[in-house]
Structure formats: structure tokens, C-alpha cells
Amino acid sequence: MGKITIKRFSCGEIYINVDETVRGKDVFLVQTATENVNEDYMELFLLIDTMRRSFANSVHVIIPHFGYARQDKLHEARETISAKLMADLIIKSGADHIVTFHLHSDQIQAFFDVPLDNLNTRKMFAKYFKNKNLNDLVVVSPDVGGAKAAKKFANELDVPIAILSKSRPEHNKATIDHVIGEVAHKTCILYDDMIDTAGSVCRAQSALVKKGANPDIYLCATHPVFSGDAIENLSTASFKEVVTTNTIPVPTEKKFKGLKQISIASLIAEVIDHVIRKTSVSSLYF
Amino acid sequence: MGKITIKRFSCGEIYINVDETVRGKDVFLVQTATENVNEDYMELFLLIDTMRRSFANSVHVIIPHFGYARQDKLHEARETISAKLMADLIIKSGADHIVTFHLHSDQIQAFFDVPLDNLNTRKMFAKYFKNKNLNDLVVVSPDVGGAKAAKKFANELDVPIAILSKSRPEHNKATIDHVIGEVAHKTCILYDDMIDTAGSVCRAQSALVKKGANPDIYLCATHPVFSGDAIENLSTASFKEVVTTNTIPVPTEKKFKGLKQISIASLIAEVIDHVIRKTSVSSLYF
Amino acid sequence: MGKITIKRFSCGEIYINVDETVRGKDVFLVQTATENVNEDYMELFLLIDTMRRSFANSVHVIIPHFGYARQDKLHEARETISAKLMADLIIKSGADHIVTFHLHSDQIQAFFDVPLDNLNTRKMFAKYFKNKNLNDLVVVSPDVGGAKAAKKFANELDVPIAILSKSRPEHNKATIDHVIGEVAHKTCILYDDMIDTAGSVCRAQSALVKKGANPDIYLCATHPVFSGDAIENLSTASFKEVVTTNTIPVPTEKKFKGLKQISIASLIAEVIDHVIRKTSVSSLYF
Amino acid sequence: MGKITIKRFSCGEIYINVDETVRGKDVFLVQTATENVNEDYMELFLLIDTMRRSFANSVHVIIPHFGYARQDKLHEARETISAKLMADLIIKSGADHIVTFHLHSDQIQAFFDVPLDNLNTRKMFAKYFKNKNLNDLVVVSPDVGGAKAAKKFANELDVPIAILSKSRPEHNKATIDHVIGEVAHKTCILYDDMIDTAGSVCRAQSALVKKGANPDIYLCATHPVFSGDAIENLSTASFKEVVTTNTIPVPTEKKFKGLKQISIASLIAEVIDHVIRKTSVSSLYF
Amino acid sequence: MGKITIKRFSCGEIYINVDETVRGKDVFLVQTATENVNEDYMELFLLIDTMRRSFANSVHVIIPHFGYARQDKLHEARETISAKLMADLIIKSGADHIVTFHLHSDQIQAFFDVPLDNLNTRKMFAKYFKNKNLNDLVVVSPDVGGAKAAKKFANELDVPIAILSKSRPEHNKATIDHVIGEVAHKTCILYDDMIDTAGSVCRAQSALVKKGANPDIYLCATHPVFSGDAIENLSTASFKEVVTTNTIPVPTEKKFKGLKQISIASLIAEVIDHVIRKTSVSSLYF
Amino acid sequence: MGKITIKRFSCGEIYINVDETVRGKDVFLVQTATENVNEDYMELFLLIDTMRRSFANSVHVIIPHFGYARQDKLHEARETISAKLMADLIIKSGADHIVTFHLHSDQIQAFFDVPLDNLNTRKMFAKYFKNKNLNDLVVVSPDVGGAKAAKKFANELDVPIAILSKSRPEHNKATIDHVIGEVAHKTCILYDDMIDTAGSVCRAQSALVKKGANPDIYLCATHPVFSGDAIENLSTASFKEVVTTNTIPVPTEKKFKGLKQISIASLIAEVIDHVIRKTSVSSLYF
């Protein structure tokens, strides 16, 4: 672990100073997108550039939660594709290699013009649920767009899927329509890449129960964004468990009953080890 | 319509000569991916470069069917993302603006570092089916990955969706698992972005009928790739209609009973007109 | 004035939608660096990119206060040159032309690989002070690094300069050493590019008074950053006037007695007019 | 020799999968242009890109026969320079180093913005002919454009040259005019960089015989393109020998009496060895 | 004709100031390579960059004599291809369009990644010689490398060619070997792209006379480089005429008896006119 | 020390040939700007490019005196920023790392998009003067623009500064106005980055003496440009010593009484050593 000084001047500007020589070194930076996503990105751009100007041999950027991932295509005219711009700015700042975790869409891999390892949390989650020996499981996607990811996770557990089909009248708001597939008398695992405001998953829970699902419903998602009313929503909802990772730090005051966090630390350690020893990383991502 | 000479030498090399001056002109090139997709791309690269070296003011590339679109992410380790490479090579050849139709995934928009208009055929298809006044319709996605596109098309028709969940043991081969959602006694429109070998959609048809669907099943997809045994498969299958567009030319000998082709010519004309008059194109794509 | 929607999702991400077509238009964006400098830059990157993806013909970026300008060189080993990175990221986002005001160092002009107009507020300030008909004026630079800029301003007023030579033991902290040049019985205009925490200029004021300067001291600087304890410092200090511009908005609660703001609006209007009519802008910057 | 899977889907698209890890490895790709030159190039672009995305340390591309080499300048207005475009697309795909053999023009070396080794077959051919101990040799260029290359080969053998001056009314067609230089009673080696349709060299043979040359004429060229009627032309022509290399594979059914193929395998082996050991390659190319 | 100030400081640095606004203008720069070729190039780089920073709309660079053109390939190991570097630096400086005259090799066209018009002097020279009504003409290339250019010029005049085959033991030194082709009793036009030291053409003259050629020999070449002992060599040689252009200015003291200079001014005027009116330039170059 | 051949053809073009293999080697080039600054830069561009084309692993460019450094910003409209263009062309030629000495302005560091080590001569000079044990020293900047650099040098010696405030009516001409700060009875060290024509420092000397300074005045500057009348000016001026380095070679005929040259050879040796051993260089530059 290298030493580095990062401070903010009273005018808001970030100041970075590396406290030891990195000349000719292979540097690994770990930076995730929290609720201060814009500050996080600016800090990341400056960190990468500092390493480059300090003669690092290569800069590997590990981004546990890639912010702006949902803006990966045009939803309406005259928007931009912010996820692509973030990728471009990261590359422009001088990154040589990117490591991400469970990207919102797999196509984002191609947004980076440098090699990228997109690590998967699917196996970690599957192992967790297999250890529970639950019967009559079904993986449920909270929306149609997540159906494919849910299918892959269901394949890992060797169980069927169901899908919630909602109409989303406005950004960030969600209304559930109806359940496609069989959920009656089954134990549901609602599966998604991230939990943001948790509004739609909470409404999904109600819809599933109404359809006769076992009321002990599990919520499973890689990225605990937990923004807006998420904590309130999740605290009042009676999920059996909310299983997530630590790609985004969850402060103690945000932790609620039923929250389980599986650490990605060993995955990061492993990928760094593979990169240094120049061995195949692929076993980590499929 | 400009005049151009394209020939192939006996050694296989393409030779292009523009027969009239394009100096300072805004050039529109239309090139689609047929079953000779590699020849098509090489011809396109050379065409764009010829226009650039001939002092065209701008080169607008209209690609009705964007080949390699399905290779838009890594499915396994040590593959590449061919769709991104095609985008890179098109840009490197000198394209200033791209027009595509119903991309396999919307994220491909971001693969191009120049502005792109991705036109949609959804409204054209919706209008066609509304005119038929069919009752009890359901839009069916032939696989889980296409669920979101099917949902958007279903919204346009204001009908529900169903999804076929298959396991695909090997590339280009498909095995249908089961139907998610209600199809009994309903008229199904199987909806996809393209019809390639038609193997999976023909198996989908059987699965739907087995589940009690109205046997008059419609197949609707933008790109008539029709490769391999597609024509044989579709001829023996008893689809009520196979509704597609002309983004790829279908030679007379490949035309079979029940094939309906809706022309995209007016869409192309309109987008060219908008570009020349510098008015908004967005009404054409959402 | 075009219409645009900018909002922040609860997860912190910025969302931008242009409310009218900009296809083929020349777009002028005005964005300054406030105390939320990192948010401001991210918003700017996204705005430029949105215009580019929305087919704008050209994107002119007017940056009244260019944040990170003071990080324009290495002060210590293993820092970076943040001002250069900001320039690189602005260009990468798609800017075609930059307009700045009184850059911290003139060399920053070269950081941008697109044409740049660096407009000067010197004449505006000179006119303001000439109208006061003050006698025995001296322009004082609050530190040695600002001596050249002070000299240029002094030339405009045809008066001598003096310089404060301080040692700065730590970033953002300042200790005044002594006055170089004659200030006794003179009316001093302390001149700088920006007022940040105002700590050094307040100490400068004391040093000047101690050296026998007329206690009616003027403070003149283009950018009212006013961060940290600036308002408190300036309120308790007894400057005759604090003359600045509106390159950064000063909220009402921050306004204090003696603050004068000269508007740059007409300069912006003029440069836009020159760009549209393709006439020389140079009279505005020297 | 690494393992790799290359297949073509029924829709014509190429699919590549590297069967072993190349992370951190120096990869050497060998790809030549056959009569399927466009397929060959597309496969090469995808191969290079696959290696880059699979974290290869460097990608060395060995191109025994560089297709489109003859399109290395504008012959008429509104053509393009296809050889330059091929070079650009190879570089864009991610190549770090290029190895070619006997380029159609030496200036093509400069088309690549990465280092290039252009290996020469001249010494190999010279050794072959020296071993025959032929008397009264003359090296003959089949056209004026090849005069310089013929001169270099003649210098290697220490014999004079002659040149055939033809007018070429149309692309790919050739009409011989007359012989410049002395050929009567001499043994001629017709020398060129490639044999394409062999039309012009066969007419050259007649012209030489008519001028009194020894009827035992040798044809010597690096690249056996053998397109169109080449095999028919060469089979009926009575060349003493047609000496070429294996830069392009010649299928058994195309092999005719008198064809001699000198292998470049050892040259490739040597250049790979030099690159790995970082020793000078230059002895191989002059 | 725009006004510009170019001066040299006593330290040798060039200083450029454009004396009138070029904002939004299409600028044409004319700069040729004289014997101060390095100064000429540096001045050109700075001129282009000045125009770009002064907001010119486009910069068209007319280079009558493209210096370093002969270094267009590797002659020996561990040289560079200087002509390509010059092209790269011109583009990097900001040129949008290049106009050249009779490049040393046609492939240099491809060295520029912006459109290029390579104008030809062949027709101008052909017209000049046709007006003389000379009989029994032969176009002679002074070396084998120039055979193709000589052939094209001969085709224009509808006469045969001959070639001098020399060995060049060292750079810039030349030794003539012998004449290939018929020259006895014929009037020779020695034809080349440039006359540098004139050593080889003077020796060529002797060789032709020795072979029985009409002693009234014409020397014809586009670029009058006239370096080293050129003037002395040409003054003592008894060429009937030395026909050249004014792509390089020839100072009065260098002018000798028999020198004819055909002006390219009208060609330059015409190409500028075509560019401004956006009409085809191609009639000027083939 | 590698062997290299650099010669100039009679036409003025530079020719470079590396006499030993550099394939895979880390090459260090040392090139300074003399009074033939344009020739020096062209030679440098060609040298870098030659190394790159000769397969050097990396090219480190050591530029003791960076020519055009004073043109680092716009002084008037429609100039360019030549120092930035030089940086761009050096990078375009293929440099991987730059080493400079005492740049005219620190911001020039950011002009290079590759890592740069700007080494400082301040400590060397400070050590030299400390050894003299002079009393009552003052460091004097010959103009306001150099005040900050003078301050840094004064800090090193722990003495005060004074500044000469001049008006410069025209480029390269200088008129001294007056002295800011105390110099009476003090020993002055006039300090600057370079001595060009020496006009202004000689006038500065007179001004200092007139103000009562100890007439034994020292002149200290890193770069001995010595152009125009510099030697004459310095020879007639009675500086106690003119202390400089050997970043630019001073030919014997230019050496005058009182000139002291401190060698930077050990600094260059040290930086090369650090780069090879990949240890921190920063101790050399602050």
C-alpha cells in the first residue's frame, strides 16, 4: 500500500501529492463511485494523471462501482452517453488497464480503449445462497431489462426465473405492472446489479407476495448505492435478507437489519496478483 | 445519386473510382452487411477513404444492417468485441456521421466517436400490425436477452409480453427451455432484431403452440439475415407471416410464401433530408 | 438563450437534456468554477459532450473563472499539473474554442490545443480607477509571482509598482515578509488575479500601512473566489474598496461593505458577436 | 505455436477465440493476402484486436504478401491509396511492429507509423541462380516501373539489365512495346515483385525470344499471386523455370511444371528470433 | 495577398506576427524548400501554427519543392524516412490541405493524412518541347530509378526512352555505367524531378555523346535545387538548354546561359481558384 | 556513448545514420539549442524519429537549453506560442521522456504530454556563491517577470531581492526604468534564466551602480545564449563575474574575462543513472 496525500483546498480544488517514488512502478488505484460521484471521478482523473506525471510504469485502475453506468445509451434525443464520456476521460487521464465489477451492461466493456477485466460477483452470490439450502427457489428480475442477468444467475443456481414488467413513467420513478413467470409458493431472490433508491424492489416485493410467493423474499445486488430514501424503504420492507457486496462503502448509520455484505477484497487481491504474475484473469469473470 | 465505379481485380482486390467530383460536397454512403459481410466492410472502408481523399466536405455513412453487432461484448475470455473494432475502423477510414437501424444493443451507439442516428423500425412494424386489428395479441421474445426490446414493441402495441427461456449450449445452436408468461389462446408476434438461421424462432413456434397459443404465429424482425438453413427452416415452418424490412436485400430465389418486407427507403430519405436541412432527426428514432 | 434541463439524481449523477434542437448550430456554453469546482467541471464535460452527440456544429466554451489555474506547474515532486489535465479533459469532451478571463498565468493559453481567447479585465479596472482621479497611486503585488501582472496594470494607469515579498511555509497559508518599493504616503491598489481566502491580502494591507502607506487601500482582483474565511477577513479588514468582477457569482449573503463588482457581461456578449461575425477579437485581450 | 480457434458463422461473420492465455506475452501473428484478400484482412484486424483485448504485451504482425500494395499512389483522380488505408487499419487494430517481404514499392515502409522490417528475398534468389552457374545472364524488368528493383537484383548477380517498355491501356491488361537494352543470345531472368495473372510476363517472354534471347527464359518473382488465368498462361508458356517463394500458399492443383518455390520460413524464424533477443534485423533486409 | 511579419531574433529564433485578422478565413501559405531547407521547414511549421492559433478556418499549404523528398524510404538500416517525418510535422502543425509539385515519388502522396493535390509539370514541359518541333527525340532517364517518370514524359511527347544505369558508390556521388536503349543520332532530353549538384546529369551528357547522341542535349527537371557545384557543373557542360521551373527561386548570380525557367504561378493560381470554388482540381495533375 | 553519423548534403538536408543497433535499447539523446536553433530542432526531430524507426525501446531527450522558451504565451494578437509547438513536434517525433534545465517559465513543463524532469541549477549556483562568503548580498532580477525566480534563488542564499522595472518598447530592445528594493552598499547578483544579447543586464548594472550598489556586481544565469552583441556588451561591462553553465557550448573565441562556467555534466549523468535504475529524480529539481 503506497502513501499518498489527498486534500481539498478551501476553494474546493483537490490537491494530490504522492509521498513516495513511483518511478517505473506498476501502480494500482482503487476508486469507487459513492454518492459524491462527481468528486470521486475528478479525484480519480487527478490521481491517474499524477501517477503518469510521476513516471509510473503503468496505471491500473480498479473501479468497484462504475458511476454513470446506467447512462450507457440514449434514452431520449439530445442526451449524451455519460458512461462513455467517463470511460474516455479515464483513458485520457492516462489509465492503462481497468478492472470493473458487474457492469450495468456488458457492452460498457467496449467503451474503454484499453484492456478491461470485468469481474463477476455471480459466483460469490451463488455460493452464498447454495449454502442456505433453500428449496423451490426462483430468481426474479425486478424489470425486463435485467432479465438476461437474472437468467445467468438462475443458471448458476440451476433454478427458473421470473420477471417483473413495469412501466417507468419518469426517470428514477418506477411502477410495477405484473409478474411474468411462476412465483407462487416459491422462495424469490430479487436480483439486480445495484440497489439505488430501492423503490422498485420494494414495490416488486409486494407484487410477488400478492402473487402468492413465499413472503421470505431475498434481495441480492452487487452495488449498494442506497441513495435517497433507500435505507428507509429497505428498513420498512420486510426482506428476509438484503445481500450485497462492499463495492461502495456503507456507513454504519446506513446499516439496517437484514443487510449482508460479501467482501470483494479477495477478488481485488486476486486480480492484482494475476496482473503482476501475468497469468490469466479470465477464471475470475465468467 | 452520384456515379461510382467499383470493381474487383482477379486477385480479389477492390478498386474504386468516383466518376464525378465530390470536392466540397456532403457525401452520403449507403452500405449494408450481407452474407459477404467482410467484403462489405472492406468495400465500405475503401469507399469512405476514397471520399475523404477526394476532398468531400463530410462523409455520412448509412448502415442499414450493422454486421458483427452481436459481438458487442465478451461472451468468453480471450474473444474480442468485434462490433467495437468495426466502429473504430469505420471512424478511422474517415466517417463523420453514422446512421444505423435497430442496433442489436443500444449501447453500440456509444462505440462510435462521431455522432450517430440509430433509427427505429418499431413504429413502422406497430403501424403494420395495428392495421390488421388482431385480438388478444402478445409479443414474444425468442430469448431472455431480447426481453427489453420485446417490451418496448409491446408498449407500442399496448399488449403484454412473454419470453422464451432457452439454454444455448454452443454458439449459433439453440435449445428452447420453456415459456415465461401467458400465451394460451393468444396470437403471438415473435419479435427480434434479426432473423439469422431461424433455428431458434422455429423451435420457439413449436413451444408456443405446445403451450396452447393460437397457431397463426407472426414472426417480426428488422434484419433479414437469412443465413444457413434459414429459408428451408422458414419455408417448412408455418408462420402466418414473416414480417421484416429491406435493410438487407433478399434475392428473389430466397423469397418464400408469407414473407412481407417493409421498405426503409423513406426513413433513409427523411434522415438525409433532415441532415441537409440541419433539422432535428430525433423524431425518427424513439 | 437555448433551453436545457440539468438535474441531479439522488445517487449524485448529473443528467442533462437539451430541450431544443442544436443540430448544425454553433453553441456557446458559459460555465464558471465556483466553490463546487469539481461538480462544475463534471457538468461542463457532460454539457460539451451532450452538444457534440446532439450534432452541434461547433462548441464554444466560455469559462469566466478557470478552476485549478493555480496548479499550473509542479511545486513539488510527484504532484500533477491539474490545470493541464482540466484543459485536456475539456478538449477531449469536444470543445472547439475556449474563452477565458485573466488566467492565473498566461502560459495556460498553451495548455489548450484548440484556439483560445484570453480576455483581459485590466482595461475595465483601469477605466474604473482613472475615473476616481486618485493621486500618488502605486500598484502593489501581494506576492513576487504577481509582479509582472501588477506591472502591466501599473503601466495601464501609468504609475509605479511595489511588491510584497513573503514566504509561504505551507500551501494556502501566507506570511508577509517585507515591502519592496516605495509606498509611503501613497495610495495603494493591491492587485491580483483572484481573491481566495483573502488571508494574504489582509496581511499585505497591514504591512503597507506599517510602511506608511495611505490607509485608504484598494483591493482589485478579477476572480472573487471568496473561500474559507474570506468574507470574515475582508469584512474586518478596512479596505477602502474591494473591486472585482462577476466571473464567479457572489451570493447576497456573502456581499460585504465596500465590495464593487464590475460586470463582464458586455465582454462575453462582444466576444460571441465577434465569433459569429468572424471578426477580430484581439482588441478585447491586450 | 499458440492455439487459436477461428471459425465463420453461417452469416459470414468471423469468430476468434484464443485457446490459451496471452496476458503479458509477445505475440507473433502470420497472415498473408491470398485471393480472399478482403477476408484475410478482416481476419487480421480481428486477430490483432483479440490479442490486444486479451492483454498481449506486444503484437508483431508478419505479412508475407501485403495485399493492395499496388494501390500505393493515385493513378487517376478520385481513387484512394488503398495500401495506406490497409496500413492505417492494421495500426488502428493494435499492431506494434510489422514484418513484410519485398514490398511493391519501398515507400510503403513509411505508410506504417510503427516500426517495420521489410525483409528481402533478393539474396535468396541470387544464391539460387548463382548455384546454376548460368552464362551471359541478363535481368529483365517486365515493365519500366520495375527497372530499379531489377537493377538491384542484377547488381546482386553482377550482370546487366534490360527493360520492357509497354503501354497499359487499361488496368490489369498489358501490351508490350519493345525491349530496351541488349538481350540477344543472352539468358534472361524476368524479375518482378509478384506474378498476378502472368499476362504481361508471358508476352514479355515472346518479345524477348523475338529479340533473339536464349529461349530458356527464367521467371523470378517473390509473390505467387497466380490469379485469373495465371496457371493456364504459365502452363502454356515455356519458361525454363518459374522461381518464386511461398509468401502465398499455392494449392497442389495450381502447381505446374517448372514451378520452384523457395521457402521464407527460415527468414521468418530468424526475424522472430532477432526480435525476441533484441538483436539487429538489418542484415536480413539489404 | 495577406500581410505578415517574419523576423529572426539575434538568437536565431523566428518570430511571426500576422498583420491582419484571419479569423474564419481560408488561408493559403506558399513555402518552398531552398538550400536553407531546415529554416524553411521550421518557418513553415510556425506559420501554420500561427494561422491555427489565429482562428483561421482552414490552412492550405502549397509546397512547390518538398524538401527531404528523396529520403522517402530506408536505403540502409537505422536511417529514418525523413520525408514521412516532414509530412507528420506539417500535419501536426495544423495543415488541412497540401499542394505539391512533381513529388520525387508518387507514394509520398500517402505520407499525408490530409487531402493532397500533387500537381504535375509534365504537360507544361511537353508543350514547351512540342513547340520546338525537334526530330528524333528520346527521353533519357539519368538513372534506373527515374525510368518510370521518364516513360510518362516520353508518352506525353510520344517518343521512346533510354535509361542510364549507374552505380552510386556513395551518397551524393554518382558514376555512370552505360546506356540502356537507343540514343545514336537522336536528340536527347535528360529528364528528372530535380537538378541537385548536377554531377550525374553532366556525366550522363558525356555518356550520351560517347554513344553517338546528337550533342545538342536538353536537360529538363522540375526543381532547380542547384546545390554544391551545380552552377559550375552546368556552366561548363554544354547543354543546349536547361529547362526547369521556378519551384525554387534561382538568384540572379546563379543564372547561367541556357537556363530556361517556366513559371508555375498560373498552376498555383488555378489550384487556389479551384479550392475556393470547390471544383475539381484533378485536370491539373494527370 | 553510442556512435552515430550526422551529415548535411550540399542541398542542406540532414542525413542521419545510427552506426550500431539500438533495437530494444533505452536511448538518451542530448541536444541543445544554439544560435542555429532551427537546424538544432530539425536535427533533433530527425534523431528521435531515427531511433524510433530503429526499434529503440524508449527515447529520452535531454535538452539543456530549450529554444523558443520565451515564446511561451501570446504577447500580441496573431502570434503563436512557439514553445508549445516545439514541444508538440518533439513528442510527435517520438520522444518518451524529456529532461530540461531551468525553463524560462515553469508552466512549460505542462506543454509536454510525456513525463518531464525539469532540473534546476539553483542549488549549483547557490553553492558557488556561498563558497565566496560575500557579505550584504542582494539578488536582483533584471526585470519584473523574473522576480519570482530571483526570489527562489534569494531564498536559497537567504538574502533579500530587488527588482529592475523596465519598459520594453520593442522586442529584443530594453530600457531600464528604476530599481525596486534596497541595493545601496550591497553586493548585487543579477539573476536570470539566460543571457541573450546582454543589453538589459548591462543597463541594469549601470542602474544598480547609480543607486549606490557595490560596483562589484555578479551576473548569474543558466543559459549562455550570448547572441548579437552579447560578447562585446559583456566584455566592456565590468561585471565582477559572469557565472553561467555549459547548457550551450561557448566557443573559445567568445570566452571573455570574468566568465565562469559550471558544468551540468554531473546533473545529466545523475538523471540518466536515476532513470536507468528507476529511482526518484525529484531531489535534482527542487
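Think of it as A, B, C, D, E and F in the order they're written, each chain with its own count starting at 1.
One rule holds for everything that comes next: a contact is a pair of C-beta atoms (placed from the backbone, for glycine too) under 8 Å apart; a residue touches a chain by one contact, two chains touch by 3 or more.
Just so it is clear, the model here is predicted, and its values are computed rather than measured.
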* Asked: So which chains count as neighbours of both chain B and chain C?
  -> A, E
* Return the chains common to the contact lists of chain E and chain F. => C, D
* To do: Pick out whichever of the two, C-F or D-F, is joined by more C-beta pairs in contact.
  => C-F
* **Maximum centroid distance from chain B, chain identifier (CA atoms)** => F
* To do: List the centre-to-centre spacing of chain A and chain D in whole Å, with centres computed as mean CA coordinates.
  => 52
* Return the distance between the CA-based centres of chain A and chain B, expressed in whole Å. => 31
* Where chain C touches two or more other chains, by residue -> 21, 52-54, 74, 76-78, 81, 280, 282
* Asked: If you go through all the chains, which pairs of them touch?
  -> A-B, A-C, A-D, A-F, B-C, B-D, B-E, C-E, C-F, D-E, D-F, E-F
* Which bits of chain B are touching chain D when the two form their complex? -> 9-19, 21-22, 34-39, 41-43, 45-46, 49-50, 52-54, 67-68, 70-71, 74, 76-82, 85, 88-89, 92-93, 171-172, 196-197, 225, 227-229
* Structure fact -> Per the touch rule, the chain C residues reaching chain E in their complex are 97, 115, 274, 278-282
* Structure fact -> Per the touch rule above, chain D residues touching chain E in the complex are 72-74, 76-78, 81, 83-84, 105-111, 118, 144-145, 147-148, 150-151, 155, 160-163, 165, 167, 178, 180-181, 280, 282-283, 285-286
* **Touching residues on chain F, where the partner in the complex is chain D** => 21, 23-25, 52-55
